[in-house]
Amino acid sequence: MNVESRIHAYRYHESGHALVGMLTPGADPVRKVSIIPRGQALGVTLSTPETDRFSYAQDELLAKIKVALGGRAAERVVFDETTTGAEADIQNLTQIARSMVGRWGMSEAIGAVAVTDGRQDGLLLPGSLPASFPTQQLVDEEVRRIVDGAEHAVIELLTRERTRLDALAHALLEHETLDQPEAYEVAGVEMPKLDATEEAKATASP
Amino acid sequence: MNVESRIHAYRYHESGHALVGMLTPGADPVRKVSIIPRGQALGVTLSTPETDRFSYAQDELLAKIKVALGGRAAERVVFDETTTGAEADIQNLTQIARSMVGRWGMSEAIGAVAVTDGRQDGLLLPGSLPASFPTQQLVDEEVRRIVDGAEHAVIELLTRERTRLDALAHALLEHETLDQPEAYEVAGVEMPKLDATEEAKATASP
Amino acid sequence: MNVESRIHAYRYHESGHALVGMLTPGADPVRKVSIIPRGQALGVTLSTPETDRFSYAQDELLAKIKVALGGRAAERVVFDETTTGAEADIQNLTQIARSMVGRWGMSEAIGAVAVTDGRQDGLLLPGSLPASFPTQQLVDEEVRRIVDGAEHAVIELLTRERTRLDALAHALLEHETLDQPEAYEVAGVEMPKLDATEEAKATASP
Amino acid sequence: MNVESRIHAYRYHESGHALVGMLTPGADPVRKVSIIPRGQALGVTLSTPETDRFSYAQDELLAKIKVALGGRAAERVVFDETTTGAEADIQNLTQIARSMVGRWGMSEAIGAVAVTDGRQDGLLLPGSLPASFPTQQLVDEEVRRIVDGAEHAVIELLTRERTRLDALAHALLEHETLDQPEAYEVAGVEMPKLDATEEAKATASP
Amino acid sequence: MNVESRIHAYRYHESGHALVGMLTPGADPVRKVSIIPRGQALGVTLSTPETDRFSYAQDELLAKIKVALGGRAAERVVFDETTTGAEADIQNLTQIARSMVGRWGMSEAIGAVAVTDGRQDGLLLPGSLPASFPTQQLVDEEVRRIVDGAEHAVIELLTRERTRLDALAHALLEHETLDQPEAYEVAGVEMPKLDATEEAKATASP
Amino acid sequence: MNVESRIHAYRYHESGHALVGMLTPGADPVRKVSIIPRGQALGVTLSTPETDRFSYAQDELLAKIKVALGGRAAERVVFDETTTGAEADIQNLTQIARSMVGRWGMSEAIGAVAVTDGRQDGLLLPGSLPASFPTQQLVDEEVRRIVDGAEHAVIELLTRERTRLDALAHALLEHETLDQPEAYEVAGVEMPKLDATEEAKATASP
């Protein structure tokens, strides 16, 4: 894969994140899409919630997992290829799925029982045993069920909405960075309305 | 879920804790219900025992587990939704259930044998082996049995007592904080009487 | 459970320890029974051996386990209730039972082989593997067998000797603390005689 | 094995790396082949990508694994012998294969789930449990499947292209070090063309 | 068990060690038997080899295990009782048996493979994995086989030689400490002859 | 076993190492055989390669394992006895066999996959998981297969070549140390020729 075709793949990777973010109910609004590298990352799709959040509902977390899968899924749909570029996405979505199952009681198979500790890095202190081996296996199976279901849905979505995906990738070829209104317009998706509350807050800011 | 509907969910979350606390025999009396955020928490239901406690009976611990499940159960009953907001509740009730099984001899399946150490954070020192793997699995199963039974009962209770739950949530919309007499009155539940001993103590205090 | 009934339960808890100590061959003599709280403990039954001990026989260790179970068993026999108050008892008796099996060769199933290390806190250094997993499971099963057998015997004893148990609990209501002669007299149990050796020693002391 | 025959084996080891690098689509171009020892290494085949790389596609990673296997495979094909000289190759290719399976979502059997942490040395912090035991076993099986498939292909390739392999080994006998054009010419393989981009960059450099 | 009967048991415990040491081929000669407590130990049977030793044969190690079991076995044969007094003996003989199996290749089931590390305290560094779980289980089974066989033989020996055992215990009642010639004479066992070499050395010492 | 017969066993132990080293193709030449103790070791058979080595072939490693087994095998063949004196030999050969299987891809059952880390002491950092439990078991089985096969061959060799073994042991009785020409002559084995390269080097040295 030469340099040009790789940059081309990046455009689709970011477009995938963005489009899944626009079309998945419960996902945070897409604020910006860019293929200008930042530090380790090759591009960035910035999705932030409307307001400071204290908690997330199960469907919002599932939406986050789908958005994280969007980059990898776009590469698979368009190029039939999987790359190392999705590593951080996979780590993030795995952490969310494990927390849904092990900290937030969102898996019927595990129930309202804490089976992993709450630290973000997923590490346990030595000797800490939050769950027996069969329970650990059940956690793995539930995580896999959640992620597989999400990936299936995302691949289906991007295949069905290929025209919008191509439009976004093409726009990134010309502009490298799209702000929120541009991104939604290019994709042909209606931009989400602000909450009354937030609009008030936005107005109130100096 | 927009900001307003999220705050609405918080009201039911706290009302769920409070109502389960009022209606479960053995639970500590509810002292205050509030949806004014404090630090990390979005609201608080304050339940304190009548007097300094040295020990708890099995039914009192089960009541604590039910009260902890009350917030999550209210969200499920009213909105059919599970959120990350119950994380601390789940950690607390898991710790109680694990201690019932592993420290306090309250599971017939484990018997009067200590199989977890007593530290509150549930961590073991490295290499510490309080029980073999099959025993750890049995602990998990017993914890699950206790929590599932409690959750089933709480959901049944809140579904049956939906009117009182709505009344509490509505009152929190108007007042944000309810003290003990207000909370019991809004819910239409008789306030628990103080012990003679405690009344004497209360009278004795300056 | 109000304060008064809880204190009532403590009286039976301590009476249970004391009565099992008086009626179990091989148990150390009961020196004092008290329900005056000391530090973390709600009451205390003081049983000390007649003389400095270098070693214990298997039946003496089993007697220690039974005495430790006496408090919990009394609460179950009288109130049909299990409380967190037995936590320290359970830790102690588990430690004795595990040592009988894993350090002192007192289980036919394990034999004269050391399978746990000798530290009192039951902790191993990281990575230390004194026994394979099947052996660890066998240790658990043997510990359970010893403790279950002891608990069965203790509950039978206290049910049969309920009159003496009530007498001790009643006396603690009036006196809060019973010394050795009082406790044995209230329970209607003959006080153990001192060894000739020990008597000599007692006489010899200034 | 005497010194001379061992040096002879090294020539084939390096020639194997080089030839697999030249003939495997997706492999980085071979820049230099040398049997002059450097530090611990007996020889070196330098393969660098055309440009700075941010990510790798699955087929490029598989090519890396094949190139790493090329040295060991040449020794097996030519001398029917396995030596300790491939240790570093085996560590590298194992790390790539484990990352494909556990970090980059490139195994259907594991899916887009992170099951190993991302540190290069493959070590976990104590107590860290990124996956249950059955999942760890599945990772092992997938790693084995990837490596076995690659080794089968590489042995087939070197057996089929034995003439080119002999030519490279013979050239290393005369010259000890071959630069990129020499290596490709000796092997009779067409040298890869530079990207337009890279050529521009190359021209632009002072 | 009163003080006098306990001291009586100690006499048999030490006599058991001593008599097994005298009657087991390959055991080190018994130098002294004493029931005067030293530090933690209640008594001591001192058995030292004839000369500085560099290595031990399998039958000599088995003899050490039997001598270690002699104290516990004497208590079982004479009093049908097991006490905590054998803890140090059990730890020592377990360490020898584990080393025979895991370090010295003396178990056919494990073979000439090192499966435990050589440190005397039997501890491994964290994460150290000298053997898989099935191998650890096999080690346990072999250790058990060695120790059970030795204990069977020792109990048989002491039952058969009860008269000599009684004689030693009786002599310790009168003298508390027996030196080598006294101990062998009391037991009616012929004292082992010194090696010619050692005699020479003994003569040579100032 | 008295002192003299033990020293006699040492002579055969060292003779076993030496004779296996002389008669096993791929083994390093035997430079010296001595029964003069050095530090912890009772004797020494010095085998060094002809030249500095960068890598070893599989048959050379198997030869090292056989030479390490030679001492223990000689004691078994001659005295039908196993002693602790082979501990260091067993540790060394186990380390080689584990590395063949887990680091150098020399077991078909494991393949060209690194499943143990490369540190000489065989220790892993805490939490490090280079392989799942079934793979660890497979490593153990492969190690056992390699070592058992080697031991079988070595015992057969020493039984067949008993005359040479006796000759070496007898020579060590008279001389305590044999240099390379003496050892080969006593054993009646032709001394290996130096490489032309090495001879040149030897000549070149001042």
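By letter and in written order, the chains are A, B, C, D, E and F; residue numbering begins at 1 in each of them.
In this text, a residue touches a chain if its C-beta (ideal position, glycine included) is under 8 Å from a C-beta of that chain, and two chains touch if they have at least 3 such contacts.
Since this is a predicted model, take the numbers as computed values, not measurements.
In whole angstrom, the spacing between the mean C-alpha positions of chain B and chain F is 67. If you average the Cα atoms of chain A and of chain F, the two centres end up 58 Å apart.
As a whole-number value, the distance joining the C-alpha centres of chain D and chain E reads 58 Å. Residue positions 125-128, 133 of chain D are each in touch with at least two other chains.
Contacts between chains close into a ring here, every chain touching precisely two others. The cyclic arrangement of chains, taken from chain D and going next to chain F, is D, F, E, C, B, A.
Listing the residues of chain B that touch chain A in their complex gives 1-4, 6, 10, 37, 42, 69, 72, 81-87, 90-91, 93-95, 97, 122-128, 133, 136-137, 139-140, 143-144, 147-148, 151. Chain contact summary for the complex, chain F toward chain D: residues 26, 50-51, 54-61, 99, 103-106, 111-115, 118, 125-135, 195-198.
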